[in-house]
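So, here's a batch of structures to check.
Heads up, the next two complexes both have chain A, just with different partners, chain B and then chain C.
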Partner chain A sequence: MKKIFTRMGDGSPVEMTETEIRRDLEEGTREAALRGKIPALGEGDLKHLLEIFTIPFRFVSVERGKEIVLSYDAGTLKIRRVGLSVNRIQALQIYEKLFGADTMELAHVDYSFKSIKPIVGNEQPVLEQALLVTHIPLFYGAMPNLGLYSQPDGPFPNPAELLPQGKIAEARRSYEDSVEAAVKDMVYVSTAMIESGADGINFDTTGAAGDPDFLATLRAAEILKKKYPDLCIELGMAGEFVLGMHGGLEYDGVRLAGLYPHQQVKLAEKAGVTIFGPVVNTNTSRSIPWNLSRSVTFMKACAEVSRIPIHVNMGMGVGAVTVTDHPPIDVVSRASKAMVEITRLDGL
Partner chain B sequence: MSVLEDIIEAVIHGDKGKAVKFTQKGLSEGLNPLVLINQGLVAGMDIVGPRFKNGEMFIPEVLQSAAAMHAGMDVLKPRLKGKEVESRGTVVLGTVQGDHHDIGKNLVAMMLEAGGFRVLNLGVDIRAANFVDSAVKQKAQLIGLSALLTTTMPAMNEVIEILKKNGKRDKFKVLVGGAPVTQKFANDIGADGYAPDAASAVELCRKLLPS
Partner chain C sequence: MGVGDPYGMAITHAIASGLGGMRGAGDLVARMQMSRGMRINEAKAYVASKLKIGVMDLTDPVIMTELRQELGLGTVTPLPGGTKGIEAKFRMAEFLGIDINCVKRFRHNASF
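And then the complex of A and B:
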């Protein structure tokens, strides 16, 4: 039987038959449905995914008129990874004028609100200069990164040390204190950058430190939205699942630990978030057909319940894109096409 | 609700006070301490394990549940003299040489204990020969190897090689786990099993050593 070129989640090439691809597509959607307690993809969607994988071209795309918005996080940091010696403003211009970015984010290399707080006065003129030489909306963004609030990096006791000692209440209190401190830093830095003209604020890689991380972001978004009702707030997730590092934290009466994208987005809406960036992680030991089918299943469920725009995270290690520094175009374009054509989303 | 159901609920909710209270109540009602352990305290942890695996409960809650179970056990210990607490088997567990990660491995140890196994937790950075010596000395049936680094995974294979060299491979079941470890790796080195998380480790040990 004819073999079709595709890849594994770690980027390594693999050749599969149509039957094997179809089997992985079915398994991938079934796995997502089981985990997220959401509907699996129907026959039509599975056939469409199979067609995308059997197109013989290296690069695939969508029909004219079906193009969607491309927003980027941390682009000013990523372009230097490919060896381009450009400053951040030049990086923004490259993305805007050469790559067709619809929005960009100015980011500092430390990329955490806590680290940026003492240097926010240095960041403001960079943003102001950038706004003068670009046309697309410019976000300022960073990670909530609650890991920086516990010892040795921060003031609060380290829960990873307290938990093995059985000091569960103390560990939880440390997380709660971290949330309070992080909210203050996020609001402080965001306010400064908004006052300098930022078109929006991007809370990136939210939930990386579990439920306290997600809670801090939701609270910061709520405060900022009250302060600046017209502000665009983008909230991008770190992973598909909110880890219960604390386990008992709630927002608006909903327990945060264990939430999947279709549940996360409802809380983002309530907090006043304008654009939600859901994530589905790529499994390196499974094929891209398996990963893409799984990812599309989660994203479809998320987009169906969302009342705010969805910009799916599609990059290294997420959205069925391979976990490689330079994701291959065959995978990126197929994953993007599938997301646009099957999932009712608004941007990538 | 019966007192056993109350104990199960107390363990699931990690309520030490209630676990103690209902265990004492069970004793005052004349229930056998072994019944209170197996059908109350351990039965509660048997529900906690799968919930942890399914992402419905998380590490702080599992630790609270374990603390509640141990609080109940402390009530029963003085009544257990002369009574044999049934053990499903002995597991020698540790993190392999060169690797100092212990949180996940300790969680596995805790869940195995709660699941009725006797566990000898050797700690971290354990030489391959130590696993084998301890397993022989403790008359263990299972050896559990943990690694969080790809660079330390080969040390798992060393344990199996020493067992083979000493003619003891068929005496012990070897289980492997840790973030970078996969079923394929377990198969490649000839381990008897792989568990992706603590709850699965308990299931796997029970499968390998049926009571």
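And then the complex of A and C:
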């Protein structure tokens, strides 16, 4: 039987038969449906996914008219990471004029609100100057990164040290204190950048430190939205479900630990978030067909219940993109096409 | 979007499924999502109706370059005397009927 080229989640090339791909597509959607308690993909969607994988071309795209908006978390950092000797305003212009970007994001190399707080006065003039020479909407973005609030990096006792000692209440108290401090930092930095003219604020990799991280970001979004009702707030997640590092934290009466994208988005809406960025992690030991089917299943459920625009995260290691620094275009273009054509998303 | 080198990530997604930014009307559609919370089809329809073109034409660089020049919305290749940067954003705010934060700030700081 004819072999079809695809990859594993770690990026390694693999050849599969059409039957094997179909089997992985079915298993991937079943796995997502089981975990998320959401509908599995129907026959039409599975057939479409199979077609996308069996197209022989190295690059595929969406049908004309189905294009979506792109936003770029950690935007200017991507230029720095590959070692280009250009400044951040030039990086914004490269994305705008050379890469066809619909929006862009100014970011500091130490991409956390806590780290930016003491130097925000240096960040503001960069954004102000960038806004004079660019055309596309500019976000200012950073991570809530609650990991920076515990010792030795921050002021509060380290829960990772307290928990093995059985000090559950103390660990939880530390997380709760971190939430309060992080909210203040996020609101402080965001306010400064909004006053400097930012078109939006991006809270990137929200939930990386679990439920306290997610709670702090929801609260910061709520405060900022009350202060600036016209402000665009994008909230992008770090992982597919909220880790219960505290376990008992709630927002608006909903326990945060264990929430999946279709549940997370409802809280983001309540907090006043404008654009939500859900995530599904890539499993490196399963095939891309399995990962993509699983990802699309989660994202379809999320986009269907959402009342706000959805920009699905599709970078390295998420959204069925391989866990590699240089994602292969055969995988990225297939994932991009499938995600846009099967779900009701609004952007990536 | 997400992590990855610009060729594998930004450029690949842009060509596979993006609106093309200011080669087309991608930035304008994005502004409607950001300022009004419009979902993709509503945002596209809004911008297309303002531009008096079809939704399919929003990504057409030939149609959109002409329109952007005519309306002063900024173009990828800047023309002598043409609107650029913040000047173009003044036009965008007026054309789309939205507030643009940096335009408000510029107006406030530049006025006597």
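The working rule: the second predicted complex is superposed on the first by the 348 of 348 C-alpha atoms of A that agree within 3 Å, B and C clash if a C-alpha of one lies under 4 Å from a C-alpha of the other, contacts with A are read in each partner's own complex, and residues count from 1 in each chain.
Heads up, the rule we're going with is that contacts are C-beta pairs under 8 Å (C-beta built on N, C-alpha and C of every residue); 3 or more make two chains touch, one makes a residue touch a chain.
Because the structure is a prediction, the values reported are computed rather than measured.
With chain A as the common reference, chain B sits beside chain C without any clash. The angle formed at chain A by the C-alpha centres of chain B and chain C is 180 degrees to the nearest 10. Legend: residue contacts after superposition of the two complexes on their common chain; A:A192 is shown touching neither chain B nor chain C. In the superposed pair of complexes, A:G258 makes contact with chain B only, with no contact to chain C.
In the superposition on chain A, A:V126 makes contact with neither chain B nor chain C.
Between chain B and chain C, C touches the greater number of residues of chain A. In the superposition on chain A, A:A142 makes contact with neither chain B nor chain C.
With both structures placed on the common chain, the touch criterion links A:A40 to neither chain B nor chain C. Minimum Cα separation between chain B and chain C in the superposed model: 21 Å. Shared interface residues of chain A, touching chain B in one complex and chain C in the other, do not exist. Residues of chain B that touch chain A in their complex: 55-61, 63-64, 67, 102-103, 106, 182, 184.
On the side of chain C, the complex with chain A involves touching residues 1-23, 26-27, 29-31, 33-35, 37-40, 43, 55-56, 58-59, 73-74, 76, 84-86, 88-89, 92, 99-102, 105-106.
Interface residues of chain A facing chain B in the complex, by the touch rule stated above, are 35, 160, 163-164, 166, 168, 171-172, 241, 243-248, 257-258, 285.
Residue ranges on chain A touching chain C, taken from their complex, read 59-62, 64-74, 78-79, 81-82, 95-97, 99-103, 128, 131-137, 194-200, 230, 232, 274-275, 308-309, 311, 313-319, 321, 325-329, 332-333, 336-337, 339-340, 344-348.
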